[in-house]
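Listed next: structures, encoded as structure tokens.
The same chain A turns up in both complexes below, where it pairs with chain B and then with chain C.
Take a look at the complex of A and B:
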């Protein structure tokens, strides 16, 4: 039986992702093809089941939603045409909006820093992103030798590119928030 | 032939050799590329992970600039290509998205410009026959596997490019320039994409699977058209010595372009000993 909370979660997911979770009959084709399934705590089809049951908290705290690499293998193969990566996106967006702090925090932090970099400059700057990520999540010496090598090869630039009208970009981000 | 050009952030950063080789090869083939004025980041994986509006809004703003420029736009980066195509698809299919974007970027999307990746540009706009006629140094003796990754070919309804699980286009280009493009089953396996910085362990497992399979197929190198794929394949392989190159770099070599030496020098794994051993370096 589907209760009210499940109905509302299903409706939200349908609205945000455009996908009909009820079409899933759990053939697990998505699980078999998923390159990161072995690292997930909840298999992709089980996410659908939890949505059907309305068990929102478990879903939003799962590692799965953040580990989905959006490779679209599952969506390509799903016999019911469910684009599961879009469902994972919708779940991540809900988790962030509701301030749910679940597993794989570093992944969430990285995405957040990536977006705030764009807000600041209009473009992503690799060195700034890596620096900010290290400041937030630790691991200061990780990839240090690789970084030096890339810098020597001229692949990393210390100065960040900026678009001409940064004000415009900030305004766009603010507007997006208001629209949402 | 003149096109707009959207390099994206990676091509202005760690994937400079893809930017240089794309521009170089196009110039050699008589194609003029005009960089979009004041383009912004497409948002990549982070945009669609976190933001329901900006994941379309960021690429839509670039499409606005492209429509104002009035030329079809070439997008070498597979991730940027995917985001621009996603925005175009969403605005075409859904009136609600189109209206939302009008409010966000003060522009009514017309859908007037085509979004092309580099493989499409070479194959459809230039043609393999033209490419063959301009060959200076066929890549005889070079055995490669073509690695397409995810973002060029999926979702089918969004990119509409080649085949989602068994693409052929890049193999045909490599064959046209004289290399041997070997069959293998990992053409569109995922490299782990944006997890490179945070879940490096996962990316290592995926990348090793791809590199091992390439070796098993008998390849000497992997050829790709995606900066995320190339970055992960080079930086995260346990082997540490299996070359990975952009297809545009090899086009440059086959077209006899001396500049290709400079592009090939920028790799974490130096591909020049391999090319040198086959007498293919310019």
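Take a look at the complex of A and C:
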């Protein structure tokens, strides 16, 4: 059942995340502590098991990897010291790299826009992010009430700010890309 | 004149919760013949016992009734208390008002009444009790150990090392038991033949151990300290003194046995030498398959340079006087054919744990990789199925075999070390790894060897195109699993060794519903059988692993050593006696006695009692048609007066 592709998936995850998922004994403490587990289609521990089985497609198309908020509650509580958020991160990277189109794609889009905003300015600009996100994903009026409330409280600034040395930020991104 | 003291125990609240202790004491104080009645919170405590002692002296008591828990717990305690105050211990009796009253009733009023009546019946008994003196019997300082696996070997060595003679009995041609057939042992991966051989060599060299192989016990007569064991030794057809284990005969023997279907290590021909480190290191002939008795083949006899083959050798019988018996008959495995859904016995590549041990053993592999039985291919994917029969009421074994979780982890690890690119799967219900370093060992198996543990039972195993297909489920994921395996290893349930029930009858010891021998008390007396002088060691009593077996066997040996440390043993004097004027010699008592304690005196033509054999069960007294047999301190008049009070 465990074939060569399963073994190589396991090795990739181990390398990218630095986590030994074979240590998982499926106590599901991670599932119980996770604030978003109830919205996930595959529980975090089951992701470990599916990696062992080599079910790459199933994992990369799952909502789980994108719903993970990387709050690290699971990793903090794991009796076997597995940093599950890092495993999820590794899986997200693979999904992006391989262009897998799974569930909760909006989250992936949001991640991409967030990073390109940072790359451009070194800081996040909420209004630009909201604009780009809405343009890419639709649903312009979905969160309008929340937007108005935030605007009134002065949380949304119309003018975008930059850090002093934007070039350095770009260099950081280039270095990171090169390492990858 | 009768002066009886009644001592009522509250047992904390155990008795006092349901029984009105004050009321009982008041009522007993007025009872005829009772001169002293008192209660105490814990009568078995030191101050409680002192109360009894003081009353015996101050009130000049000639009988004591302690109303408390079951006599099984504290009869001895209170009898000793009385003895230390100068009263004959057999003048002390227990009225059980806990197990048979307070614990089983709710109605306080009725329970109080019942407690009073129970005590009254015992007062009536004590009134007519006789002061008795224990019967003194000699002790033979030789132990018989039945079974020479690791538990028997350990027991024999411990007893012999404490200075006593031991006869070690083994029905197989060589000693060592199952341990001799294991490749390595968990958690340390010691080579089991090496582990065993140091013990075997010690047994062989020990001046106080006599080892009898191919031998079984036919009958055990007698009683603690004085047993007579009838032993039958099967002919091995080889003279043990002449044979030096050169192996020429094995080479020439034309009758081959398929090596891996046979569990006996080393058995490849009709004549064989059990294993390289075996004791005794001599050849044996399996009479059932040797063709000498059909066609007169005598190739082995011709080739033997020391003329050791003796086809005329007959079975021998002997009697041994022993003082104690240790039963260390070990275990067997649940028959493969009975687990049809796993294809055991149907497919050659579905094997049990002991067979896999042989595939793993260095001796069998001779440096090669491990090979599967059917076609000799190296198995790339191996499925281990735990609880094959165990924890399965449908198969009649609701119990856990206790060792399988650990040996399966060991198998998976050893397999992975032998076939580095292979994959091991383990189907389990729970992993039970309670023991020093055990849990860590299993976890290392998943982390280091990548063994995939799948929680769930296997539903079906079948052959398809050279693969053994395993249908199971991963209950953690709720997914059906199908594995195309090359080899399937079943952790079949441990059952009592073959013939255990028969042996229990011959030794007059009891066994549980599964056939494992019963101990007297699961916590406080775990190595003693209900028959005094017969002790239990190892898996004969319940499934356990090697460290536990060694500890259990050592415990049994220490019991034997304690028994042998006494010059004389004392036997309970509550035995039957015969009124010679009434007995007609009908011999009904002889048939009724399960202990062989009754016989007919040829001269007097009446029945007599061998007191040291009598266990005081009362069967013969009840069977005696004219009341000639009576039991001391349980006479007919005593019992009748007890009944009078009760109704």
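In the analysis below, the second predicted complex is superposed on the first by the 177 of 180 C-alpha atoms of A that agree within 3 Å, B and C clash if a C-alpha of one lies under 4 Å from a C-alpha of the other, contacts with A are read in each partner's own complex, and residues count from 1 in each chain.
Throughout what follows, a contact is a pair of C-beta atoms (placed from the backbone, for glycine too) under 8 Å apart; a residue touches a chain by one contact, two chains touch by 3 or more.
Worth saying up front: this structure is predicted, and the values here are computed from it rather than measured.
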item	value
Contact breadth on chain A, by residue count: chain C or chain B	B
Which of chain B and chain C A:148 touches, first, second, both or neither	neither
Partner chain(s) touched by A:173 [first = chain B, second = chain C, both, neither]	first
Which superposed partner A:96 touches (first chain B, second chain C, both, neither)	first
Chain B versus chain C as contact partner of A:27, first or second or both or neither	neither
Touched partner set for A:83, first chain B, second chain C, both or neither	first
Contacts of A:49 with chain B and chain C, given as first, second, both or neither	second
Chain A residues within the chain B interface of the complex	16, 35-36, 39, 67, 69-73, 75-76, 83, 89-90, 92-93, 96, 104, 106-107, 109-112, 114-115, 118, 122-126, 129-130, 133, 137, 142-143, 146, 149-150, 153-157, 161, 163-165, 169, 172-173, 175-177, 179-180
Chain A-touching residues of chain B, taken from the complex the two chains share	9-10, 12-16, 38-41, 43-55, 57-58, 61, 100, 103-105, 150, 154-156, 164-165, 188-190, 192-195, 197-200, 202, 206, 235, 265-268
Contact footprint of chain C on chain A as seen in their complex	1-2, 20, 22-23, 25-26, 45-46, 49-50, 52
For the chain C and chain A complex, residues of the former touching the latter	381, 423, 425, 443, 446-447, 450, 452, 455, 474, 476-477, 481-484
